[in-house]
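In the two complexes below, subunit A is the common chain; its partner is subunit B in one and subunit C in the other.
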Partner chain A sequence: MTQSRLQGMLWTAASLGGFLTIWWLVTDGLGIANTLLLPSPVAVAESIVHLAASPHLFSGDLYGGSLIGNVLISLGRVLAGFAISAVAGIALGLLIGTSPTLFALSDPALQLARQIPPISYIPLALIWFGLTETSIIFIIVAGAFWPIFLNTVAGIQATQPVLVRAASTLGATRQQLVLRVYLASALPQIFTGLRLSFGLAWSAVVAAELIGSSAGIGYLVMHARLIIATPDVIAGMLAIGAMGVVADMAFVAAERRIFVYRRR
Partner chain B sequence: MGGTGPKPARAAPGDLPPVVARDVSCVFERRGAGAAIVALERIKLEVHDGEFLCVVGPSGCGKTTLLNLIAGFQQPTSGEVLFRGRTIKGPGAERGVVFQEHALFPWLTVRQNVAFGPTVRHLTQAQRRELADRYLDLVGLAGFSDLYPSEISGGMAQRVAIARALANEPEILLADEPFGALDVFTRTSMQRELDQIWQRTGKTIVFVTHSVEEAILLGDRVVVMTPHPGRIREIIPIDLPRPRSALDQPVVELARTILALLERRTEARVEGPRAE
Partner chain C sequence: MTSGLRLINPEFLPDPKATLAAMIGLVTTGPIVGSGAGYGGANLLGHALTSATRVTLGFLIVVSIALPLGLLMAAVPAVERLLNPIVQLLRPIPPIAWTPLAILWFGTGIEAVLFAITIGVVWPLVISTVAGVSSASKVLIRAAAALGASPLQIYARVVFPASMPYLFTGLRLAFGMAWWMIIPAELIAAEKGLGYLILRAQDNQNTADVIVGIVAIAVVGFLFDWLFRRLQRWRYFSTGVTGSR
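This part shows the complex of A and B:
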């Protein structure tokens, strides 16, 4: 256990170390790349420290706040959009997953709708809501809703019929069947949907902020581009990636705690 | 077996028989050109209070369909199945079912599984626990209550399934080949155990099996069914002391009789009707 854990950490260190070494060699080390276009890891690290260390989270001349402040603004939007997606996706998924009629009626239209990428909702969002928070949340929901909803439907439909029969012979009512059997049985798959959705929500917020916002990590990256602060662009991108990794790790950890029965 | 529920709505035994099948037929339409399958044809059956009734026959004889009708999972094409005089319209807590596969909820522990019925009937926490523990004790699994179904063996899981059905205190227990998926050794010990549980609880049991031997070992009466169409060939009372062994001479002889009944039926089908 500790042996394999140590090994895992060594591989992680080797992987990140190798990546940084190649990056450094290409830039400062051997001077192959133009550092105005591709700054060295050292410059990016300085940029991260500089942007993150600012005491003002939500104010400042350059990006309207520090790196952390802008990440927090984006995270707030992601959480809002994710929460709406989760509630709507699970509720609608339960409804449609447990009703063959509703499923047959809605499936063709939904198959079309799910193929529309969230960023293509941006023009519509701008027409409907203008440059507002609502627009950004709308775009996040347009992306994050689908994995939750579709995984809920699929999870519900994969419920073993014999479990439903067993519960009904034990006296479960329709509502109890939905909550205690269908939902309980679908929960692992719903969780997979939540995890996928969070990743999509994070992409969607950055896309939305690139175009229509004056705050957030997407705005920071876009504004850094305008003033050709390439290290800041990359610093922002790394922050986006790091947030994704942290969120995913949190989901995996939660999954292991919640679904104890699958691990044993 | 005293009820723990607030007021179990059960007719006094001896009133109306727990289950009556009146001229029950069940036909499944096949899609396309094929002829319809007659799973059951004009079945007449009365289950008595407190008896252990076994239904035996080869696959396709309609024994599972018959059980599904009593459980309320299906409706007959014609005729009716009554529970205490009332037509069965769907599943109900008064008719507990043990399935061939254990059908335990994988996300619940053994104790939570057994307490499922009492939970959905909104009994108090203390009552749920008391019932779950009592019935887990009855099937000899008191020490396993906090494990998940994936952590126990197939035989144990089936015992939990029996405990779960009994903990809901149904009036009648329906079992659909519950030991069919178990190995021979586990199966033998489960038969002995169910025999004891039945003697201790006095529960009415309808037990479907394709094993003639199992039917004779457990049943007060054995309903012998034949396929195409599914019919009751004969109902044979078993007046033998318990516990019975597969090696007892009367058991062996009864098995021979029942097998002969089933074989004669099969030959008749192959050769066409014969003049008796």
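This part shows the complex of A and C:
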């Protein structure tokens, strides 16, 4: 282990250790803060263990299931919404990216539409679909669609013209051009869009569940708040954050393996 | 078109005429001019202004915390090494996930909304501030030092202006994040504003009003972003210290 890595780890340990110590002092140690509102780290840790180790995965207990069960429910929704967004985003991105006329026509409207936070679709989704899974997936798609779509368009538009001309000269049909030149050239950027979109989808599912669901990690956090089980609220928040990090790391690792040719 | 062809049940997707009428209605009569029946006593413009002021306020709070903190972290490596792990720990938690905690601590209302925005947006802004300051050209710094500038002078007159382009983009993105945050926060925890408006409209099964609200959200978001882009063209914010790109 190099000296600087060791130094880095020591700094991290000192920083987190200091943070936890101050936290503990403020709550349990010196009793400054109201532990109902700010539970001690010990309480949060206990809550994590209790929630994670709950034997019932999808039923019973306080939150209709353990921490893992609820996370899985949320994850399932994210995957569904993400899959739909990816297919729609890439397909539409291909369509609009390869056609300058379509792009010019749709760009103003799209610039406006992408400003809408996905959460604002919740009331609309509730009217259209009620309190169902479709609502939640709709909201996820409303948010996750944009990074994939926009990155696909941008990636295609950044295709080097010389590649397109070379392929045409060699006799490529329109379909071959689109698939094997434009799409292939835009792939790294599309992948970035996929990665951003997954993060957004994760945020969106939490928000949608906070407002209108009876299962999932967002629901867990909201319900914990209602019964003022603050350690559970914080535990849920940490779980949400952890999932986001894990997902992002997975994407980065996949990116490195797929796009080997881009390594500098 | 969709209503003309009777493709979709008009209750679910009101035809453009109804939506336009609703928009004019919300903007001019009833809920717009004063009374705001059914929407907590404020019209579309009023709600839009409420949301806009809140997000600006929240943004100013975040900036006043994140900018000095970021500058400090960039200037003193020890501070950065100490605080960075905490930032990395709290950053992945999406701002929306802070809302229940915010409600626990502040009750429903503007304080909770502001807190959620602050805690959600502060981390990316700190990180981009540090990155922006470190991107200031070392050559310029060394040149200034060689010409006899004190560290404070270097910081104020070289580093800060040189990191402006990067910083400003970070600010613009942070504002966008704050805008994205204000709507869900209002949905959950407020009694006024555009987020509240669309929730009440949904309560009343008033699809036209919901769509109007969503359009308003898009327009205001777009306006803010446009404002930032125009500001960015101002010489000071985009050309750094030398006056040329």
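Please note the rule applied: the second predicted complex is superposed on the first by the 238 of 264 C-alpha atoms of A that agree within 3 Å, B and C clash if a C-alpha of one lies under 4 Å from a C-alpha of the other, contacts with A are read in each partner's own complex, and residues count from 1 in each chain.
Note that in this section a residue touches a chain if its C-beta (ideal position, glycine included) is under 8 Å from a C-beta of that chain, and two chains touch if they have at least 3 such contacts.
Source: prediction; values computed, not measured.
When the two complexes are overlaid on their common chain A, residue A:119 makes contact with subunit C while staying clear of subunit B.
Legend: residue contacts after superposition of the two complexes on their common chain; A:71 is shown touching neither subunit B nor subunit C.
In the overlay built on the shared chain, the residue A:141 is in contact with neither subunit B nor subunit C. When the two complexes are overlaid on their common chain A, residue A:183 makes contact with neither subunit B nor subunit C. With both structures placed on the common chain, the touch criterion links A:86 to neither subunit B nor subunit C.
In the superposed pair of complexes, A:172 makes contact with subunit B only, with no contact to subunit C.
When the two structures are aligned on the shared chain, A:162 is found in touch with subunit B, with no touch to subunit C.
More residues of subunit A are touched by C (comparison of subunit B with subunit C). The contact sets of subunit A with subunit B and with subunit C never meet. For subunit C in complex with subunit A, the touching residues are 12, 81-86, 89-101, 103-105, 179-181, 183-184, 187-188, 194-195, 198-199, 201-202, 205, 207, 210-211, 213-214, 217-219, 221-222, 225.
Looking at the complex, you find that subunit A touches subunit B at residues 160, 162-163, 165-173, 176, 180-181, 184-185, 187, 259-262, 264.
Residues of subunit B touching subunit A in their complex: 71-73, 90-93, 95-97, 99, 101, 103, 105-108, 116-117, 120-121, 148-151, 164-165, 168.
Residues of subunit A that touch subunit C in their complex: 8, 11-12, 14-16, 18-19, 37, 111-113, 115-117, 119-124, 126-128, 202-203, 206-207, 210-211, 218, 221-222, 224-225, 228, 230, 233-234, 236-238, 240-242, 244-245, 248.
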